[in-house]
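Two complexes come next, and they have one chain in common, chain A, joined by chain B in the first and chain C in the second.
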Partner chain A sequence: MAYKPQYYPGNTIIAENRRNHMSNNVQKVREISDEDLTACLGHRAPGSDYPSTHPPLAEMGEPDCPVRQMVTPTPGTAAGDRIRYVQWADSMYNAPAVPYWRSYHAAINYRGVDPGTLSGRQVVEARERDMEAIAKEQMETDMTCPGLAGIRGATVHGHSCRLQEDGVMFDMIDRRRLEGDVIIQDKDQVGVPLDRKVNLGKPMTPEEAAKKTTFYRVGNVAYRDDPEAIEWCQKVWELRTIYGYQPK
Partner chain B sequence: MVRNASVNKKPIQVEIFPQRVLMPDTAEKLLNGIDKVPGVIRMLIQGPSLPTRVTCGPGTGSPVNHPDRRIINVSGHAFELNIRVGRIQIEIEDRSVKENIRKVAEENLPFPFEFREGFFIRRKATLVDYAKYGFKSKEDNSINLEDERLLGLVDPKANPKDRICMLESKDE
Partner chain C sequence: MAHYNFDSEANAKKHFITAMETKFGKEWGSNQQADDIQATTTKYLRLGTAQNPRKMEMAKVGAEITKKRGLQAYDPLLHLAGIPLGQRQLTPYTLGGTDIVVDGDDLHYVNNAAMQQEWDDIRRTCVVGMDLAHETLEKRLGKEVTPESINYYLEVLNHAMPGAAIVQEMMVETHPAMVDDCYVKIFTGDDALKDELDPQFVIDIEKMFRPDHAAQIKAGIGKGTFQAVHIPTVVSRTADGGQTSRWMAMQVGMSFISSYHMCAGEAAVADLAFTAKHAGLVEMSEMLPARRARGPNEPGGLSFGHMCDIVQTSRKFRDDPCKIALETCGAAMMLYDQIWLGGYMSGGVGFTQYATSAYTNNTVDDNLYADTEYGWDTYGTGIGDCKEPSIDIIRDMGTWGALYGLELYENYPTALEDHFGGSQRATVISTATGAATAITTGNSNAGLSAWYLSMYLHKEAHGRLGFFGYDLQDQCGATNVFSYQSDEGLLAEMRGPNYPNYAMNVGHQGGYTTVCTGGYTGRGDGFAINPLVKTCFADDLMNFDFVEVRECFGKGALREFDRCAGERAFVIPAK
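After this line comes the complex of A and B, so read on.
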């Protein structure tokens, strides 16, 4: 029987969602076109070629190195793409992804990524086309609710703000808003206006978000409601304290 | 700020803290409702700002054009709401006014809110206030302000223009 990684302890819906994000067991729930994605990211004009920082690896004449022979470069690396980023802010009011879980999702399921986790935002740096693949997957699947999360390169304020009356996470520079029953984005992630309105799809209802979230919180599923997760958390801390964290 | 109350009594302060940050329409209705309650001395609204331009990052300087940064009307006075209203602190004449304020909040907020009494807006001048406004005279060491209700409403270092609105109520 093939080895199946066990990603996260716990018997609650939150633990289940965390395992789903880590194992990339996420469902595609909306469609974002490549051009719309490129426009939202704002690193290059939609439809233009990927600018490169070095020639394709195949043309560079790489040195004879066993590691390079073993490791297949990612498409972005092979083409010599620039390193670019996508940064997310997720509302602490039951957004589907916790910043750490976006990092776990990227680090476990993709190669050549540099995820960075901060208190209220999460950034993934990678070669441009690799980063776009990750961003597209995150935008299109149920690990993102367009009302409770958004790509924000600057002025990320919103994670810990109360939601607006319409249930959307506060965005100081109005990159996206609720129009009718869908979220529309008309600025790129740093707030430069776009020449198009990108339809990010319907936001989740509060009930749906409560079921899809990876946030433990009082009012939904508190961390203390998950004895198995607590047990493992305490065990890891104990082992780390006593033995310098050498799990065997 | 409302001038329909005497400031001679010992006033108390209350805060309305809604579960969600308010859209301008709701904020306008709520502020107008509070303004109609007799006994309100002054109120302060607070929340995350809605800037006119992007202030940091590669998009610095781009216009924001936030649709919710707009003019609202309170008690016949129009002012630009440049924040998303997150909390409202009100100084009232005495404890009897408190329940009327709560009733107005219940009528105008479509979601739960916290309502508490406390000390939110300072009443005494600080050193920075004295540095800004000075003394009344060499003999009179009180702060050189015509209306001391302005104290604590804005940061002493900030420009009070466009941040303070004087509302003249009809019963005065």
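After this line comes the complex of A and C, so read on.
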């Protein structure tokens, strides 16, 4: 099933970036190996088989059902994978992604996903191998800056904290840090130490981040400087409000 | 220790900056902090709990408990397998509108006796009409009810209400030292009657309220006469809010029997009991639906309007509706978030953080004064001179307030870090935007409408709002603001914590109460919805200070609140 790109109002670079995330118009800028990805996620040992919660669908003798005929299972579903998560914290200091746009990106461009949106973190739950495909795309593309975002299963705070002196988002349990000119990660999502240092790539410069971000802020592109985006939002509010007022 | 009435946005801004500098620019404990409050970077020293004397006190006591009972107790090194809190700087909090600076831990209701007393004083209170009882006495029994008989009845009742015997011989009684916070006063809109009553029993509306408010309240009460009853704190703590009216009714019945020389078992007693328990009773909170398993006078049934009227700041600061709203905000946020949602509903300890952001560091204050001044200046309004609400006004004020609040966080990274969760920020901005709109229009539902617009704009601007629940409540809320179909909408003052889709979300219920406060204070009214509740709490004998709520919280945090009730020290071994 093919999805058409989704659109968002606004005449600024922020709005444009938001449209790009929704349309999956993101650029691959770094390489993360499958083993490194698996290590960082921390759900299974790198190289091990996917644990399953049920046999492959093909072996389960599923009932004859029109819905099942219409919907092709995702690879993880067909294999019977567990449902696992990838959860991101994105800094409010011009990280490329913001939680809602991570959710829109996942929900619009992938099937079988359950995105959850909070202020300081955004989680996508899916069958394990399906989730890994999404996580890999998130980690390898310009929707993520490794210095301004990180995967965090617990103890996620950092999105609203001031940056460290080296420009990296604060992490209480220090899962990743700047070493030389790259960010390395040596703990998994929940802070369990890894047997390796995963190179997450170079962080964006402040100038790059300012151009890539989907976050409106003073000092870069203030929300008030995108009147079309504001007017659209006001219109949604007004229509919902008036709809609710029906003195019948 | 001092409290302030900011009066203007400029003054509020000054105190917001002072609070931020106190929090992030000065050393607290040994956190070695001296940051520029507008810098976007900082040095994280990762000093752990050792930087904070209160944390160290807690660790010491935890170790002592572990040793004494031979069972593990508090140990900060158990946090994250050895990584204790304090990887950021542990910073203090300035109580809004005061110069009181405290540790965050001391603003948890468990650690704060004043916060507990606020809820105690609400839960143990009810209002009972006297007129029906007097009719029973006069018409059914032929008794004469006079000011003198009422005075004698109140003397008897103030002996009996704490749990003393009045017509029974050899009855066990409560010890006065355990129940010294219990009493009954009376109030009426009938000046002639009031003048003949013993002043010790009277809440004198003329003395407690400004003349215009007093006239308004008396008109609301009419010639009726009501008792303001506060049962002992220790009783309602041991049982629940439903105990308040039961305890009261029993003692009221006995006191009528004694003071009017009735037969203890005659059928007319049932009429008096029915009056006290039902017909003449006004509880602070309605009983909740059975699925909530809570009786009356529990916080989930406390309407926003009643909460507005319980807070008494309007008696002393009529000309500053922002001050009234902010004190109400503190009282309501603490109760609804920390105690109701955090305690009764969820059990989580983190709810304190949501509440704290609403009454510390003058952030809501700055937003509210700025938003209100914008409304007054733009629409030429003032107290008692409101502008009829319209979609255009709400759109304008809702947008202005949202952008102001968002940019405050963008311009002050320390404020953003202080309110580290989007839920806190969303509540702060929407509370101020909504309350200012209500102040300008005199209409709480208009304020609610601005609240929801603010939430929409916040979500779009920052690409995030609160946790999951904010998506539900704050995205669908706009449609029920002006709906008056009974299962969809309601006057804001009559909504409460158990209103459909308000029931599960921290940070909102106190905010809605603040918006309601904006409505009545914007109009310059003396009460929000119930003159009986407003008058009942217009009483300096109450243990908690319902005028200067945040200062009272500060006293609690400093361990200087000395009007605690329900203590058991009198009947336990001295330490």
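What we mean here is this: the second predicted complex is superposed on the first by the 237 of 248 C-alpha atoms of A that agree within 3 Å, B and C clash if a C-alpha of one lies under 4 Å from a C-alpha of the other, contacts with A are read in each partner's own complex, and residues count from 1 in each chain.
Everything below uses one rule, namely that a residue touches a chain if its C-beta (ideal position, glycine included) is under 8 Å from a C-beta of that chain, and two chains touch if they have at least 3 such contacts.
Note that the structure is predicted; figures quoted are calculated from it, not measured.
Clashing of chain B with chain C is the outcome of superposition onto chain A. Contact with neither chain B nor chain C is seen for A:7 once the two complexes are overlaid on the shared chain. In the superposition on chain A, A:162 makes contact with both chain B and chain C. Look at A:216: by the touch rule set out above, it reaches chain C but stays clear of chain B. In the overlay built on the shared chain, the residue A:193 is in contact with chain B alone; chain C does not reach it.
When the two complexes are overlaid, the chain among chain B and chain C that reaches more residues of chain A is C.
Of the two partner chains placed by superposition, chain B and chain C are both touched by A:173. In the superposition on chain A, A:240 makes contact with chain C only, while chain B stays out of contact range. By the document's definition of touching, of the two partners only chain B reaches A:153; chain C does not.
After overlaying the two complexes on the shared chain, residue contacts for A:101 are found with chain C alone; chain B is out of touch.
Annotation: chain B segment clashing with chain C after superposition, chosen from 26-34, 98-106 or 152-160, is 152-160.
Residues 155, 157, 161-165, 167, 170, 172-173, 191 of chain A are contacted both by chain B in one complex and by chain C in the other. Across the interface of their complex, chain B is touched by residues 153-155, 157, 161-167, 170, 172-174, 177, 187-188, 190-193 of chain A.
The touching residues of chain A, counted against chain C in their complex, run 18, 92-93, 98-101, 116-120, 155, 157, 159-165, 167, 170, 172-173, 191, 214-219, 222-224, 229-230, 233-234, 236-238, 240-247. Chain contact summary for the complex, chain B toward chain A: residues 18-23, 26, 48-51, 54-59, 62-68, 84, 86, 110-111. Per the touch definition, chain C reaches chain A in the complex via residues 39-44, 80, 83, 87-88, 391, 395, 398-399, 403, 406-407, 410-411, 413-414, 416-417, 419-423, 425-426, 449, 452-453, 456-457, 459-468, 471, 476, 478-485, 488-489.
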